[in-house]
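Here's the structure we're looking at; comments come further down.
Letters are used for the chains, namely A, B, C, D and E, taken in the order the chains are written, and counting of residues starts over at 1 for each.
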Amino acid sequence: MSVDVEKKNVDPNWEPKILSFSCNWCTYAGADLAGLNRMKYPENVRVIRVPCSGRVNPQFVLRAFQKGSDGVLVCGCHPGDCHYVTGNYFTRRRFLLMQRFLEYNGIDPRRFQARWISGAEAGKFRDTVTKVSNDIKALGPNKKFQESWYKERGESNE
Amino acid sequence: MKYSYYPGCSLSSTGLEYGLSTRYVAKKIGMELHEIPDWNCCGATAAHSMNHDLALALPARNLALVEKQGLGLEIAIPCAACYSRMKYAIQAARSSEKERQKIEEIIEMPYEAKNDAICLLEAFAREDAQAAVKEKIVKSLNGLKVASYYGCLLVRPAGVTQFDDNENPQSMDNLMTLIGAKPVNWAFKTECCGASHQVDAPKVARPLIYNILRNAKANGAEAIVTACPLCMMNLDMREFEFNKAKKEFDIPVYYFTELLGMAMGADPKELGMEKHFTPAVARIKEAFKRPPEEEKPIKKAKAKVEEVKEEEKPKEAIDNE
Amino acid sequence: MVERNLTEAIAKNKANIDAIQAKSGVDLKECYQCGKCSAGCSMAAGMDLKPREVVRYLQLGLWDDVLKSNSPWICASCHTCVARCPHNVDIPSLMEAVRQEAKRQGIVPVKEVDVFTNVFIDSVKKNGKLHDLMLTGMYNMKSGHLMQDAWAGAPMLKSGKVGLRPHTVKDKEAVRRLIKNSLKRGESK
Amino acid sequence: MSDIQQELRKTARELLESGEVGYIIGWGKGRFANQTHPIFVKDPAKVDELVWDDYCLSTLAKYTQDDKYPEKKIGICVRGCDSRAVNRLIQDHQLKREDVYLIGIPCSGKLDPETNEPAKKCVECAHRNPVVYDVLLGSPVEEVPQPERFKEVEELEAMTPDERYNYWADVYDKCIRCYACRNVCPACNCRECYTDQYRVGWQGKQNNRAENQIFGITRAYHVGDRCIECGECQRVCPMGLPLMKLNRKMLKDINNLFGAYEAGLDTETKPALGHYETNDVEEFM
Amino acid sequence: MSRTGVFICHCGTNIAAVVDIAKVVEKAKSMPNVVYVEDNKYTCSEPGQQAIKDAIVKHKLDRIVIGSCSPRMHEPTFRKMLASTEINPYMLEIANLREQCSWVHTDREKATDKAIDLVRMAVAKVAKNHALFTSSIPVTKRALVVGGGIAGIQAALDIADAGYPVTLVEREPSLGGKMVMLDKTFPTMDCSACICTPKMVDAGQHPNITVMTSCEVEKVSGYIGNFEVTIRQKATYVDHSVCTGCGICELKCPSKVTSEFEQGMAQRRAIYKPFPQAVPAKPVIDAANCRKLNGKAKCGICQTQCPQGCINFEDEDKLITNTYGAIVIATGYELIDWKSIYGEYGGGQYPDVINGLQFERLVNASGPTEGHILRPSDGKEPKSVVIVKCVGSRDPNKGKGYCSRACCMYAAKHAHQVLEKIDNAQCYVFYIDVRTAGKAYEEFYTRTLEDGAIYVRGRVSKIYEEDGKLICKGEDTLSGQTVSVAADMVVLETAMVPAAGVEKVATLMTISRDNDNWLQEAHPKLRPVETHTAGVFLAGVCQGPKDIPDTVAQASASAAKVCGIFSKAELQTNPMISKVDIEKCSGCGDCAGICPYKAISMQDMEFIEHGKKITRRVSTVNSGLCQGCGACVAGCRPGAIDLLGFTNAQILEEVDALCL
């Protein structure tokens, strides 16, 4: 029983739900700066503030996909600029592996993104968010890993 | 020291002596120059002045011929204008696949921009060539004060030529010290000589030559050495022209290969040196007859003495002078 | 100097100036008019608009002045200006683009330079290599300076630097074809 | 095979009689000729229960975790994979080197009881000789290079995302969450596994595809950078899930991204996720 | 059951203009654990906060969610407000409805949905919040100032005058930095030595200041209030406690060395004071050039001549470690090495083409020429002087892209000094702009024009020597003429660049640098003297090019910040730090390896397990050192270590709330 919801006709006014983990010192500050400059970007991204991108446990990303998120974006300071000196070096290793592992397990690579966005790069935050939500809007809803898949299809193999 | 060789139109006409002296010196030091079969004119300023694609196509055909030649060598190019145009063509072909295919279409020949191009001066400035030249030197210019003139296309734009420093190049100066000449520290090493504008805009271009000669003279230059047939013709011919009106300058102009040839014992005729406008042979013959410079050898002697002293008492330090 | 109406000039010439920037790869806004290019330009003395002024006029939209100016023709493209420019403004490419655009519109402020270029290319088209005698001969005739540098003719002939017989390329046809291809492509761009 | 068994028994008797070792963990025979099971010999008289034949498959090192504070040393028979498991536990500070006496036995590979063919994990084994031991019985065997270490992973990687998802969906549908893979794995040595912390909310207990996927992926991610490739998880899985394909994928990426890496060969090389290099591969600019 | 109160802010029209507040309030009422919802025009205002306090009492709330602007803006404000209620300030979550919702979206309906999601996430998270309490850490009331220029001296004096001990570290043998090299200072033209040396002496003699010259910071660890700093006292081979500074040794020393202080235009001895008014006024030995120390000769004359016997050739570097509560960095700048960049200005082969600091030494009374402006080449007085501005500045192609701010004014000063000191001299200033953005600056520039300086607008393209004159070729862009000036001497006003070795200091203090290598301030406008590392402050040009008035202002500002820290008996620690559940911890030590602040250490602890007394290794967190980044928490597989304020449970709730 395969799940091939991906490429079928995506209804145009479907809005993806995208979760973003943003580190407080750089990306979250960059996002605020984007607000300060009244930049505009799609509404689909909800940001969870974490002290450092190093705080983001790859299991949170799995949890997001499981609970129905259509895309996950992890953002942090540029390596070398981390407020906590080495936090993002660990982030980089963890998500270099998790990104490939998600892909290996069938998640479309565009659904999980990681980006370094500094406190001054408001434009980069807007562009990243815009690109991710457009990519995922084109991909359609994500049905992989999702609990809700059961409720809809009524199937259960308990 | 093996290169493909692109002489360029000047070396069989106004730059005859540059061709002869290059052949002589190359043979002397065992530098193999494989001339590109059936090469064509690189278009120099006229081509890029008329049309951007023409400026790339003319040199590209020569580069394609080098690839057909199949020796896989770097191309040594005596004339600065040809060298600059070839470098532009190689850089353009390597910049993008689209550009390379466009060039292939125009010249109707396969071309993959495999070979690199260097100017003849760089070939001689390399370690192996300098060592070979040193061995073959039989005469010294005994401190003849020489102003080395590089012109503009050899060293600019730096992004394309990537050769020496574009404000204060030294490679020709080093070669001159090899043959006993004393390089003059002057300021017009890379000022433009006006190139073809000496013909089609003489009123504006002539002062350029005058300034170069004036600054060389002010800094005590007894000779100017160049590495480009167009600079050589402009400097040599126009100096002769100034002197015809009023004898002001006495600075013969040479190709660096001519001076190297002379230092290797060549007869001026073999190098075509008698073909210059401003008489050139006398100054070199006179320099050969000069007493070898005193102070350089003595300094060497003194250094030798000091070395001995240190060797004698290596252990306890020399007491204070 | 009549008062220049900038609103008009810029409105009228914006397209031309954008095209010239695209063709030469130069962004005029990068130049903050520091004058280092004019100061170092070897041919500046003969130019009616010095390099900085050419950029300034284009910045102000005064397109026709630049087209009519002799600077693009006098420029020896020795690259001193761009080597020293704080913002790397490629003035030689700008001059070349303006020169080719002026030629296309038939404006030739310095006839000799245009004649020299054409005679040069004709000689290459004919023999595949440059024939100096033909170059100076045809140039003197077409430019009207019949006796220019004639004094040098004799010594050159005597020393064999200039020969009657031109040096030619065996596959002259290939060179002619590539010249035709380039020029044909040139018009289309 | 039998002379090593004699030596094993002789060594075991000496160790037990000298009192240097509290007990010895080895393999013993059950009812079936083609199976063995771990046994714990305390009494020197019973050393003859220890066997060494073609079916000594299970890794013994993990059993030390049931007796973390032994009065005396624990004797363990260690083949190549067991010795790496011991290194793994030592490096994770769950076992002290001085608490164990390692009886090294070079192993040329065991047979799978069902098919009587060489076991998959032994065919793929790159370190047959023990990497650490106190005594070595018999002479080292010749190591077999493993050029196709990641072949299975590459086959999966060649598929499209949907095909891969469907492949793993079928796999996880079968998982019954018995946690055998976790219990046998020397890299899974947490005091309280995250799956047992329902109140924190990491993982549901339901046995449906989504929960199984989350468990499978999380476990592979947890052990990925420390997996010694002993293949036990796959062997003991009652539903025959290809778990090594998950672990090997992690190891393949670690090799490509951070340099050649094999876990458990010594106790110094740090696992990939425990440290970093400032010039690591940069993909998130 | 927790009783959560939700307060949605209009923020005037900033949020209300785009987000349908009423709908958010309506939806919030149905969220789990929410018992009271209210919206307010200005929640952060006095009445707004009072409304929340009243609601807490009236509805017996124990958790608060505020939908307003960014938590980075008013989280501290609302926490302070809660401190005055009986709710713990950390039972609060803020939903960012302004910077990340109303300000960045236009579609009213979608923005409102997002706002509702954000509030739902905050409500879900606050359900799992715990009361957190700050703990206090002691403050070592001693400051460290790195760099002994005017910035460092001023900061040290201000802190010392406030009664706190200061250690002033300077790597050169004397205080003074660049300012003491100058002759006059603009715009007042008062002599730099007269205003700088007295401050140096004050610093040297101040009871609270310990001056440590010829020293460099070697290692820094710890955190605000408790920095552990190791300073390397470089071997000076002279015992300053005994030396009276009589200077006999300097006279007798045989080996001459070019003096760095005199910008290479004069000589000094191997044992030397950089300049007469040095503080401390005691010589040091430059080991590289001392014949005894570099093994070239037996020498040792200074030792035999010294009446006090303070020369000791066996002296070695010493490491001194001390604890400090706050650090001020004032490492200053140096001038760009123009010689290797500008071949067109001669590339250094013409001795009479000098830079600004060399000119300052020429015109300085205690300089090599006792204040007479004489050409370095032949010592003659230059009659025509050219000053070239923006050499290396505003030149991204060859030098630096930025403007070095101070050169316009000191170029005018140099022109004024040339015209004042050399009779019937002529001075040409090649400029692109004249930036006189300071008090009495424009008047100072006008006076220089009145003195007769000729300002030519245009960069010099080439400088070359001919017939004994330095020909400067430029263009006067105002008249459109290419011009040239035959000068006797040329002064290049070169760009300021960070002092060499600033990278090491920045990495030690874990502060970052901008892409021109200047030290990165916390916020260019609002926090110019602070850095992202609490307790480390910046003063002077190390933060970016500036002139002396701004430098001194910044120095006093950073001193005020330091005194702010020292005025408290103790410092409150950040309560949102890691905490270990020793039952779940297996002692694997992964977290300790990840912590950048070495805040985690593995300890053996006694436990009773299965009736048996055992000792087991578990992880422990030092609450002072932990900065709350959470990298360890993500590295702990069983989640034994958790970050208070951002616990695994909280974040998982937030993720679930968003996706359902």
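Just so we're on the same page, contacts are C-beta pairs under 8 Å (C-beta built on N, C-alpha and C of every residue); 3 or more make two chains touch, one makes a residue touch a chain.
Here the structure is a predicted model, which is why all the values come from computation and not from measurement.
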Original post:
Which chains, if any, touch chain C and chain D both?
Top reply: E
**OP:** Could you tell me which chains make contact with chain B and chain E both?
**Re:** C
Original post:
Which chain lies the greatest distance away from chain D when centres are computed from Cα atoms alone?
Top reply: C
**OP:** Between A-E and D-E, flag the pair that has more C-beta pairs in contact.
**Re:** A-E
**OP:** Round to the nearest whole Å and give the separation of the Cα centres of chain A and chain D.
**Re:** 34
Original post:
Distance from the CA centroid of chain B to that of chain C, rounded to the nearest Å?
Top reply: 26
**OP:** Let me have the rounded angstrom distance from the C-alpha centre of chain B over to the C-alpha centre of chain D, please.
**Re:** 71
Subject >> Approximate Å spacing (C-alpha centroids) for the pair chain A, chain B >> reply: 61
Original post:
Which residues belonging to chain C are in contact with no fewer than two other chains?
Top reply: 45, 80
Subject >> Residue numbers of chain A (touch at least two other chains) >> reply: 58, 63, 80, 86, 90, 94
Subject >> Sequence positions of chain D contacting 2 or more other chains >> reply: 194, 202, 273
Original post:
Looking at the whole structure, which two-chain pairs count as touching?
Top reply: A-D, A-E, B-C, B-E, C-E, D-E
Original post:
Which part of chain E faces chain A closely enough to touch in the complex?
Top reply: 70-73, 96, 98-101, 103-107, 110-111, 113-114, 117-118, 121, 510, 512, 532, 576, 594, 596-597, 627-631, 633-635, 643, 646, 648, 651-652, 654-656, 658-660
Subject >> Residues of chain A that touch chain E when the two form their complex >> reply: 15, 17, 19, 24-25, 28-29, 31-32, 34-36, 38-41, 43, 46-52, 54-58, 60, 63-64, 67-69, 80-81, 83-87, 90, 94, 126
Original post:
Considering the complex alone, what residue numbers of chain B touch chain C?
Top reply: 9, 12-14, 16, 38-41, 43-54, 56-58, 61, 102, 105-109, 152-153, 156-158, 166, 190-192, 194-197, 199-205, 207-208, 237, 241, 244, 272, 274-275, 277
Original post:
For chain D, which residues are in contact with chain E within the complex?
Top reply: 68-69, 92-94, 189-194, 197, 200-202, 222, 270, 273-275
**OP:** Mind listing the chain C positions that touch chain B in their complex?
**Re:** 42-43, 45-46, 73-74, 76-80, 82-83, 96, 99-100, 103, 110, 112-113, 115-118, 120-121, 124, 128-130, 132, 136, 139, 143, 148-149, 151-152, 155-156, 159-163, 167, 169-171, 174-175, 177-179, 181-183, 185-186, 189
